[in-house]
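Letters A, B, C, D, E and F mark the chains in the order given here, with residues in each chain numbered from 1 onward.
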Amino acid sequence: MQTHKAKRVEIIIEAPMESRLTAALEKAGVTGFTVLPVLGGSGRSGRWSREGQVGRSGMVAVVCLIRPERLDALLEAAFTVVERHIGVIGVTDAEVLRAERF
Amino acid sequence: MQDILALASANLLTPMILCFALGLVAALARSELTIPEAVAKGMSIYLLFSIGFKGGVSVADHGLDARLVAALAAGVVLSFVIPFAAFALLKVMTRLSATDAAAVAAHYGSISIVTFVTGSSVLQGAGLVAEGYMVAVAAAMEAPAIISALYLASRSGGQAEKMDADLWREILLNGSIVLLVGSFLIGLVTGEPGMARIEAFIVAPFQGVLCLFLLDMGLVAGRGMRNAKGVLTAGVLAFGLLMPVVGAGFGLAAGMLLGLSAGGLALMMVLAGSASYIAVPAAMRVALPDANPSIYLTLSLGVTFPFNLVLGIPAWVAVAQAVGG
Amino acid sequence: MQDILALASANLLTPMILCFALGLVAALARSELTIPEAVAKGMSIYLLFSIGFKGGVSVADHGLDARLVAALAAGVVLSFVIPFAAFALLKVMTRLSATDAAAVAAHYGSISIVTFVTGSSVLQGAGLVAEGYMVAVAAAMEAPAIISALYLASRSGGQAEKMDADLWREILLNGSIVLLVGSFLIGLVTGEPGMARIEAFIVAPFQGVLCLFLLDMGLVAGRGMRNAKGVLTAGVLAFGLLMPVVGAGFGLAAGMLLGLSAGGLALMMVLAGSASYIAVPAAMRVALPDANPSIYLTLSLGVTFPFNLVLGIPAWVAVAQAVGG
Amino acid sequence: MQDILALASANLLTPMILCFALGLVAALARSELTIPEAVAKGMSIYLLFSIGFKGGVSVADHGLDARLVAALAAGVVLSFVIPFAAFALLKVMTRLSATDAAAVAAHYGSISIVTFVTGSSVLQGAGLVAEGYMVAVAAAMEAPAIISALYLASRSGGQAEKMDADLWREILLNGSIVLLVGSFLIGLVTGEPGMARIEAFIVAPFQGVLCLFLLDMGLVAGRGMRNAKGVLTAGVLAFGLLMPVVGAGFGLAAGMLLGLSAGGLALMMVLAGSASYIAVPAAMRVALPDANPSIYLTLSLGVTFPFNLVLGIPAWVAVAQAVGG
Amino acid sequence: MQTHKAKRVEIIIEAPMESRLTAALEKAGVTGFTVLPVLGGSGRSGRWSREGQVGRSGMVAVVCLIRPERLDALLEAAFTVVERHIGVIGVTDAEVLRAERF
Amino acid sequence: MQTHKAKRVEIIIEAPMESRLTAALEKAGVTGFTVLPVLGGSGRSGRWSREGQVGRSGMVAVVCLIRPERLDALLEAAFTVVERHIGVIGVTDAEVLRAERF
């Protein structure tokens, strides 16, 4: 089938920052994203798991498929939010069907 | 003193404290026992709703006390002031950075609603009745400490994010404030007839649910302790044991000024002496991201919470009985 | 009229309605208060199980009423017929596309089980007893409306997916139908001895659980309203307020033909006047994917559900008392 | 015999068994009815806590029985020994590989705590009282069978992973052992005064919660059956029906040697005759990854569990009454 | 270690369509897939989150690793199901161990 | 923005093996990973879903972003754990911000 080049960006971020991140993405013109739950992880700030938490906490993963030419705008927007917070941003080459959606 | 010890040991052997201990031991022994997050959150909603509603009904029964407003104001002031005391103590007792110290201070100015719930349940066991509006005071004490802490952090050159409208809304409308205040108002409006309809749900099973909830708190606190090796220096640990006493002292003073009953006095000490571990940590992650969460979570959940549960609450109750009405 | 108002205001100040209002306000104010999905689903399972079981026990007690079959048939017919009335009204009052109108119509032909549960609990407060088999009627009314709606959509040139065997199974064996019918049968078989065993679980805490569940419904409805800005034109809104009255009228007629008791009459109006927001939306996503879910969810959950809760139910109860046995 | 049949039919028509049947039928009919994982886990925590606590309180009331230690030892021995009998039977009755047979054998040496809970509740219905420490015996029987099974697997050339310290900790501190033993000890320490505080939570709603939990067990068992087409040969199926009888025979012998009361005898048969489906499967995934999980899960959950629920328990109770004190 | 070329396909789809999608995948000869939960997202049909829902709803993410030569068959099958529904399909180049499994 | 080459490794594994896998990763010098929940899936050992389970079971997905030169060490470590167990390992080329974190 006909596919189109795109980028897949995956941002892992603290749950209390989720709404700030998605607001920044929307402002940067990102047309779509999906939020996935995260059970736990490990990084420079150590190991954590959802079981070691009370209240609203932990992290989420935000996945965006976007046109390659929009990548930079997205990364700028995302980076401003995550800059001082723990978390990671990874980018992969991807292909999508129905390019008109992105 | 003897009374305090007797009360402490009576308190120690209740199913509630033993459930907390079971959770703690299980987590430290790395048992895979866990209570699903959704169930723990469900239980906390139940406990908040129940305690708020009962408070409202009790105010409806006894009429609106003129001291309600004064007590609310006192709570707000305590929450503003206590972080300064905590910050000063931390500067003296520990080597934490200004940012870390400010973040910790915020937690101690705010309150732990589970400590409050457990305190209410101990009061009940001791045959004391507190002013119903103490739950509203609890809600009023959740947020002000955050402002003091951000002021402390920025004064010391720490990089606090600017408090935007979103953050304000998140703090002031956080789940436990809304639920406590909301159910308090519902109890106030519906009074005894409302209570009659839902009593079998919110009164009878209360202590049992609290047991399972404290089991989960023990598990969480124990896991936090395990992950926090190296975070707790002797100074930090000592702060976590001293600060609740200092806070309770503030609460005692405020409560006596207000002329609260012995029950109300005890709860005021419980509130002022407790440290937040839900609302404030989330706010700190947003507003003071450079502060190390392991420090404030371990202190508030792993040191001060168990201290209050086992020693603090019975001590405050005994003091309130000795001093109060 | 005065009776209706008195009943409405008595109903308004119950913990249940106030909990719903609390949830609504919290969500509109964008509080982060949430009830975990698993807990909400657990409560709905409890409520369905309890109401089904009690219905079955009541039928076991009073013997099988000859009208059971007639009432079931009436329910099925109502569910088939009401979508046509709803579709016609929508064509007159709104500019929705045929597909959207058909999807909305399906929701109003089907029923809201939480409205039914709340109605039963209001009846009980008013000292009325309904026929136990009304829960079976509720189950029977869930699905037929979907068929009418798909017929309406395809007749108007809409692109309904063909109803495959899988979709049929999903609709007819959806969770709430299976649970209602299943627990009804269990209640019927075990009767009073069965009730004696589990009464402390399914009767006493019922209204309290309903409160927390309605709190969640308020949160969900409020969030839906917030996300649905622009969806609700004045015409669509007016439909959401008028249609429950029309539906209840159908229910009244059917109930009087059947010769139901005042309690049964009220529940028949509650069922016919309520709109689905669980089973039908899922079916529409599969069978009419081009219909806009915001429209039907906002209407059924954000307009008709609160209307029924606050005004509809007390009105139908008053009418049933005036008209019925 | 007549007694067994009467008891079985009385047992069959309880809400508990009918709820299990409802779940089974719903799953086999591929209804989308599901109970959220978190809620099911929450209910199992409630049931374990309640039964452990009640056991502890009962021991506190009646004083420490000298037979407690003997009963624990007997439980451990049974759990070690039964897998050998199961393995031998499997070799004769089926063509399972040595690894699969060893994994199945581990399940039958261990116990099903839900079967035990249901058994206790049937006993209560029959007016029998068992020794409170039987819950400790249940906990003691969870793990030893795993060791026997790994021995059997490696003896037959199967590739068992070596049992590292982690695996030991996971098995011995698994959630249900910790919760059972912990709540037993809490009940033992707090005794009647502790019971008075939380009775409304852990006693009154118990049977109702068990109903909903068994509904979920029925759903899970039914889904397992659907996914396991082809796994169950006639021989394997026959084993799943015969082995609980053999196990119960071992339990009867041990119980009589110990001189247990009729209630204790029945519970010992229930334990020995039941098969694990939580702790052991997880251990097998780690320690015997080559064993096919469909076989042991289908057998223990889809064959032996329903058999025990419907026929086994009433039969063991009748036998215990005929034989015991 | 020895790795083999593969494609990673990620399909985000409404939960009520999940069983239809996986049935179509199985029919198209897809030998394995994994279903992940989704908390929320945003797209042409607006923002949604699991918290704004009652009943069984929301979306799921289905991830498949497959041999490159099977990609087209998979995309055809998936597309038939998602065509008229909301959701997205993204494809990434990947590598897998143990090629005999795919 | 400035990005750096990395590898994204996704390991789907039985939940009882999670702690063994993350311990092996940590031993192999992996500095970060994220654990995501899994609802169900299908593979050589058949179809399963979280709903067909009692107790702690099911699978999880572990995602690691790492420097390309560390990939082999990671795969060796992961493979030792998953070798005799069901599950899959997929690797994708990726790019990350803030290379000093990896």
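In the analysis below, a residue touches a chain if its C-beta (ideal position, glycine included) is under 8 Å from a C-beta of that chain, and two chains touch if they have at least 3 such contacts.
Keep in mind that this is a model prediction, so the values were computed, not measured.
S.K.: Trace the shortest chain of touching neighbours from chain D to chain F and give its length in steps.
M.R.: Minimum step count, chain D to chain F: 1.
S.K.: If I superpose the C-alpha trace of chain A onto chain E, what rotation angle comes out, expressed in steps of 5 degrees from 0 to 180?
M.R.: In degrees, rounded to 5: 120.
S.K.: Note whether the interface between chain C and chain D is symmetric in residue numbering, meaning over half of all numbers used appear on both sides, and answer same or different.
M.R.: Comparing the two copies, chain C and chain D contact each other through largely different residue numbers, since under half are shared.
S.K.: What is the distance in Å between the mean C-alpha positions of chain A and chain B?
M.R.: Taking the average C-alpha coordinate of chain A and of chain B, the gap between them is 34 Å.
S.K.: Where the centres are mean C-alpha positions, what is the separation of chain B from chain D, in Å?
M.R.: For chain B versus chain D, the centre distance works out to 40 Å.
S.K.: In chain C, what residues contact two or more other chains?
M.R.: 32, 34, 36-39, 42, 170, 175, 204-205
S.K.: Where does chain A touch two or more other chains at once, residue-wise?
M.R.: Each of 36-37, 49, 56, 92-93 in chain A touches at least two other chains.
S.K.: Taking the top-of-page definition of touch, could you list the pairs of chains it picks out?
M.R.: A-B, A-E, A-F, B-C, B-D, C-D, C-E, D-F, E-F
S.K.: Which positions of chain D touch chain B when the two form their complex?
M.R.: Residues 36-39, 41-42, 45-46, 49, 53, 169-170, 173-175, 178-179, 182-183, 185-186, 189-190, 194, 197-198, 200-202, 204-205 of chain D touch chain B in their complex.
S.K.: For the complex, give me every residue of chain D touching chain F.
M.R.: Residues in contact with chain F: 34, 37, 40, 159, 161, 166, 170, 175, 217, 219-220, 223-224, 227, 277-279, 281-283, 285-286, 289-290, 292-294, 301.
S.K.: Quick check on the complex: what are the chain A residues that touch chain B?
M.R.: It is residues 14, 16-17, 19-20, 45-57, 84-86 of chain A that touch chain B.
S.K.: Looking at the complex, which residues from chain F come into contact with chain A?
M.R.: 1, 3, 6, 8, 22, 26, 31-37, 60, 63, 65, 92-98, 101
S.K.: Spell out the residues on chain A that touch chain F in their complex, using ranges where they run on.
M.R.: Within the complex, chain A contacts chain F at residues 10, 12, 36-44, 49, 59, 61, 72, 75-76, 79, 88-93.
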